[in-house]
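Listed below are the structures to be examined.
Common to both upcoming complexes is subunit A, partnered first by subunit B, then by subunit C.
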Partner chain A sequence: MMEKLSENIMDKVSIDFLRDQVLKNAYGNDDTPIAQLDPRVLLLWYLFFALVPWFLNDVVVLMGMFVLTAITTRLARVAPLVLFVFALGVFSQTGYMFVASLLFGGDMSTLAPLLVLTLKVATVSLASITVFSGLDPDKLSNGLLWFGCPERLSFSISFAYRILPILMEEMQNILLSYRMRGRAPEHDTFGGKVRWVIYQVKTIVQSFYPLMLNTAKRSRTTVEALELKGYRYAATNMKVLKIKLSSLHAGRREAVFAFVSAAWVACCFACPAALEVLL
Partner chain B sequence: MSAVTLEDVTFTYPGAAAPTLRNVCLDVPEGDFLAIMGANGCGKSTLCKTMNGLIPQFIVGDLTGTITVGGIDAATAQIGELARKIGYVYQDFENQLVRPTVLDEASFSCLNYAYDDYIERGMRALDLCGLSDRAESYIWQLSGGQKHLLALAGAIALEPGVIVLDEPVAQLDPYHAQKTYEVLRDLNENHGKTIIVIEHHTDFIAKYCKSAALMRNGTIAWTLPAHEALQQLEDLEASDVHPPQIALAGRELKHAGALPQRAPLPTTVEEGFAAFSGIPFIPPADRAGSDEGADRTADAGGSSLSADPIVRFRNVSVSYRSVKGAPRRVFEGLDLDIQRGEKIALVGSNGAGKSTLMKLLYGLIKPQAGEILLDGAPTRGMGPDELSEKLSLVYQNPEQMFIKDSIRADIEFAMRARGVDDAAARTDELLGRFRLTELADHDGRLMSGGQMRRASLAIGIALNPPVLLLDEPTANLDIGTRQEITRLIADLRGVTDTVVIATHDMQLVCQFADRIIVLCDGEIIGDGTPDEIFMNADVVERSGIRPPEIFAMGQALDCSAACYTLDAFLGCFPAWQKMKEHGVAGERAGAPSFSPSSTRARYAHEYEEGDAA
Partner chain C sequence: MSTYAERGATQSQKLMVFVLSMSLYGLATLISELIPSVQIGIVELSVEFFLFIPLTLAMLFDPLSAALGAATGELVFSEIMLGQFGGLGELEKFLTVTIGVYIAGLMVRDPRNAKQVAIAAITGPAIQLAMSAVVDIVKVQVAVDDFEAVAGLPESVFATEGFAFLNDLCFSGILFCLLPTLFLVPRLYGKIEPLLGCKPRTPENDAAPTLSGRVIAWSAVGFIVAIVVACVSKAGFSIIEWEAEWAESQIAIFTGIGVAAVVALIVAFWARRSAQLRNA
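For the complex of A and B:
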């Protein structure tokens, strides 16, 4: 059973899988309610949820905001890998402290202060995931452009997504070359396992050299093509910027989204007071 | 009016000892469809880059002479202005695509040059290239052929009068290559575009181009109407351009006195039919050969159950995760046996499942159902070490095989890792066999295409694998180099036992394979000897494979003829047979021989010289 499970996991966790997840994350969810929103509105929304939680200490308010960002993350249909990394990140930030405190004689009372920190981290992370992974890279970069980010940055974002799958495929083949032609140490004993892990890490590090050289070779064409397509020309032309930004449009949908978010947050703030009155 | 004019153009790359272009004069009239031919490294790509202003505006160097494109001076004009006059499609077109979606890519240049109607312009370009139904797709969802068409769409979106393509056929399967050329012809004939292609494939030149220029040592040797150009057999052969096999056959028949000396050489099947149909043509009496072949495979099939096959696919199903929607199924219940010692060609259009089959064998992809047996043992659960004892894969892209900083280290790597005793001696032997001894300390990436290929083959067979897998070993090579690689692979027949080649190169298939497996949409639609496959019109039609020109010629003359090589074709002419006997006698007497095999030998010799230099 255990063997079957590990085999199953090994089947799934491959560079192919990573590549697939990256693509899914970037482009697999362009028909979700979040992806259809105007990027400028989303960026402003993000600004609020990325900053405000740090200044709050009320568990109820934070919990409310956490729920909201959890819902938007769900709506954005984020790739499972990203959520896994998120969970891992949150745990490594605070979760382990709780476990450690339990081991050293702590009890549930340690939970409350830790919960506040965890909720802050989680809310801010989920807000980032919603915006940066729910929007497709082009919309995101258009949004950034509107706020005055340099054109180069916004182009780099969408170009990175174009080049990432290619890089990963290249990496996969180079790693395969190492694996098939090299020989990994036996890993039956504990010492062998350690040597095996060291060997694998060494391989990954070594494959960066061929990877970089191959990519450099390929990018020559890309650079020339960009030149021919007038990319440099466009960077200095204000009219191009205007045309690009003319596709941005905030309407009813954005208003509804902003209103619901604001109302929810207002409720969250009102909640503790309301509870006090009632009790 | 001229679309492109070059007057006395000389160009030297910075730091280069000799100029790459020397006193080039070229005049391309508007509406022309020009092919530029020439050996690798004779300056064809450099020439094209002077036309679109990349040289000297982006790639600096020493340029003299004048270049005029659409009435403006290319050396001083704004790149932006020039881009509206001339479009360019690279040989490695995939790296030319910079945007994530199809429509984005097609309209990118129009957006950059601030056209308000950039979307419409992009759509129009896609429409011309037959891609309008894929406008919303993402780049990675396209097949290789579609990517090439998209690169073309991106180049024509600004509506330039001139379009330059660098080796459009090199990376495409024959079906897609033809499709690209059909689009080019449409652009040329119905939209008044001037088209310039760098091309090695004379069959495409004969079929589509209006004129052809030969480049030699950085200068234009001549420019002629395509039809006449292809008859300059000696010039073409001297420049590593393989003349149409039909023209070569015509020349041989002239020597044999079967064709009148003054008659023009035929260059296409139609012309060949007109020229040859009057000459007695007798294919080897009954098709005993093919029957025998069929018997042989039948025998092999029958005995396979007892003599365990080296590779066995049993009911294998594979699907790929897709970014959106349901996974894409590649194989469904695939069964395939590969016998020990078989030389197999895996053919089929791009996306038919050839690479997937190779990756399955190599354990890079695990099947969702079914199993793959390698020498009787299932590959699932085998580590990469165990697998590499049994098989070796040479990638389509040789760069990915170079993991060390010299060829010698790369070849040695696997043997050293396994503690092979005479690793150094064996490396020397392999370097010698693939003529790499002098390049042993070079980084593989910095070598020429043919050298990289040879190095990757040497790396692939270093461990003496019982099964060798080659992925497109002749892609992206000029004809001279291609023939050399084909010969090297043919030499492997005695060295490696079982060889599987995935390829579009039908000449390679004909020279090498005993058994052809035709894949179409993940299904094996043909499996048999070359005769059985190529004579089966249905299989040829469905898979889009194109038998070599000479085979089609033989078929046109006599539908029972199955000639895969020039010699076999000529052998069907009694007149040529007779001359050959005399020719052999003549050779003894010191007269020059004209047999095509001697031409080939000369070729290889010349190539070796060029290479060493």
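For the complex of A and C:
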């Protein structure tokens, strides 16, 4: 039973699966309500939700903000793998602390401060998942460019999404060809297990040798193509920026989004006071 | 400029090194982010595992481009693409990785000299690990008010951080930075440079600056910025609370003024930027 389960998990976590998930995350959700918003408004929205939760200590307000970011993440239709990594990250930051405090004789009273911390971390990360995973990479880099971020950063973002699937496939091919040529040591005994790990690590390090040479060729092609288009001069020229950023448009949809978010947050802040009056 | 170009480091070649280092290190960190870190006893195979890639590139090419490329690659591939962008906290990692790789690349004058490569390949990670350990210690000191008053806390923080540093350096540093770099640098030397259209690095044609006082001073400045940023991102709320104490009665007014100021700033920036682009 256990063997079958681990086999099942290993089947799922192959490089193909990772590639599919990353690609799906980048390009698979153009039609969501979040992806259609203006990147500038979303970046400002992110700035608010990345900073403000750290300054708050009220569970009700934090809970309200968490619900809002959870809804936007749902709307952005983020790939499951990203959510899994998020859950793992939140647990490893605060969850294990609770387990540890239980082991050392703590009780449920330790839960409250940990809940506040967990809510803060979760809200901030969900906001970043919404913005950075929900948006098309080109839109995201245009938005950053508009705010005056260095051109190299926005170029890196667009380039990364395009080059990643190719690189992953190439790395997998190289790894597989190494595996076909070599023979992995038996790993039944402890010594064999150690030898097996050393063998795997050696294979990965060695496969970076052809990968580096291939990528060097590719990056020369990329840069030469960019030079042909006058990339280095265009990046700092206002006229080029104007043409490039003319697709950005903030209209009624963005206003509604901003208003709903602001109203929700205001309600969260007003809620504790309102409860006090009522009770 | 022409003499600089003859030495084999034009702007476009620097961009090529940047792109190369960014994509390779980015891919490596993305994979190591997705696969939970493997722990064998006390040895942890984590991100430092892949630091040999930028180290090798920094020794063979222009060190600054390779270092910046690696830090950007990590930021873009494993933080932004996975939506794990933590804001200010990421800047600390960016700076420490850049400084560590850059200094390691500057230490090598001749990539064919195995001794130089070995010393640089262990010093680079050591600098990076030491800086992040110091940042962690300072973070705890700032976050806990009476750091010295809590019995045993300073000792335990120094002990755990020191132990983690030594553990990382001895196992990850030697196994995953020193040995792979020693394996890759001689093999790639003379083969990878023609692919980018430049000459192999030798002591005679070296265009990189020597490891001078200026480089060290700038590294120190970067390190201090990293500490400050880490503290602000960790303890930002305590600063605000301290401000709120003297304004307790007028807290609502101050909040209102703050919100209005932020909104006004955003609107002003938006209008200015739009006008700038329209008039271009």
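Heads up, the rule we're going with is that the second predicted complex is superposed on the first by the 257 of 279 C-alpha atoms of A that agree within 3 Å, B and C clash if a C-alpha of one lies under 4 Å from a C-alpha of the other, contacts with A are read in each partner's own complex, and residues count from 1 in each chain.
Following the convention adopted for this analysis, contacts are C-beta pairs under 8 Å (C-beta built on N, C-alpha and C of every residue); 3 or more make two chains touch, one makes a residue touch a chain.
Since the structure is predicted, the reported quantities are computational estimates derived from the model, not experimental observations.
Q: Which term applies to subunit B and subunit C once both are placed on subunit A by superposition, clash or fit?
A: These partners fit in the superposed model.
Q: So in the superposed three-chain picture, is A:G64 touching just subunit B, just subunit C, both, or none of them (first/second/both/neither)?
A: neither
Q: Go through the superposed model and pick first if A:P39 touches only subunit B, second if only subunit C, both, or neither.
A: Neither partner.
Q: Is A:G89 touching the first partner subunit B, the second partner subunit C, both, or neither of them?
A: In the superposed model, A:G89 contacts subunit C only, not subunit B.
Q: I'd like to know which partner A:Y161 touches here: subunit B for first, subunit C for second, both or neither.
A: both
Q: Between subunit B and subunit C, what opening angle does the Cα centre of subunit A see in the overlaid model, nearest 10 degrees?
A: 90
Q: By the touch definition at the top of the document, which applies to A:G143: first (subunit B), second (subunit C), both, or neither?
A: neither
Q: So, A:F208: does it touch subunit B (first), subunit C (second), both, or neither?
A: A:F208: touches subunit C, not subunit B.
Q: Output check: A:L153 vs subunit B and subunit C. Expected answer is one of first, second, both, neither. What do you get?
A: second
Q: Go through the superposed model and pick first if A:K217 touches only subunit B, second if only subunit C, both, or neither.
A: both
Q: For the superposed model, what is the least distance in angstrom between any CA atom of subunit B and any CA atom of subunit C?
A: So the smallest C-alpha gap separating subunit B from subunit C comes to 5 Å.
Q: Once the complexes are superposed, what residues of subunit A are shared between the subunit B interface and the subunit C interface?
A: Residues 26, 159, 161, 206, 209, 213, 217, 219-220, 222, 224, 226-227, 239 of subunit A touch both subunit B and subunit C.
Q: Which of the residues in subunit C come into contact with subunit A in the complex?
A: Contact set of subunit C toward subunit A: 11-12, 15-16, 18-20, 22-24, 26-27, 30-31, 33-36, 40, 45, 52-53, 56-57, 72-73, 76-77, 80-87, 175-176, 179-180, 183-184, 187-188, 191-192, 195-197, 236-237, 240, 266, 270, 273, 276-278, 280.
Q: Would you pull the subunit A residues touching subunit B in the complex into a rising list?
A: Checking each residue of subunit A against subunit B gives 7, 11, 16-17, 20, 23-24, 26-28, 136-138, 158-159, 161-162, 165-166, 170, 172-174, 176-184, 206-207, 209-210, 213-214, 217-222, 224-231, 233-234, 237, 239-240, 243-244.
Q: Which residues of subunit B touch subunit A in their complex?
A: Subunit B residues touching subunit A: 52, 54, 58, 78-80, 83, 88, 90, 92, 94-100, 104, 108-109, 111-114, 116, 118, 138-140, 154, 321, 323-324, 362, 364-366, 380-381, 383-385, 387-388, 392-393, 395, 397, 399-403, 405, 413-414, 417-418, 443, 445, 459, 463.
Q: Give every residue of subunit A touching subunit C within the complex, in rising order.
A: By the definition above, subunit A touches subunit C via 13, 18, 22, 25-26, 40, 44, 50-51, 54-55, 57, 78, 81-82, 85-86, 88-89, 124-125, 128-133, 140, 146-148, 152-153, 156-157, 159-161, 163-164, 167-168, 171, 197, 201, 205-206, 208-209, 211-213, 215-217, 219-220, 222-224, 226-227, 232, 238-239, 241-242, 245.
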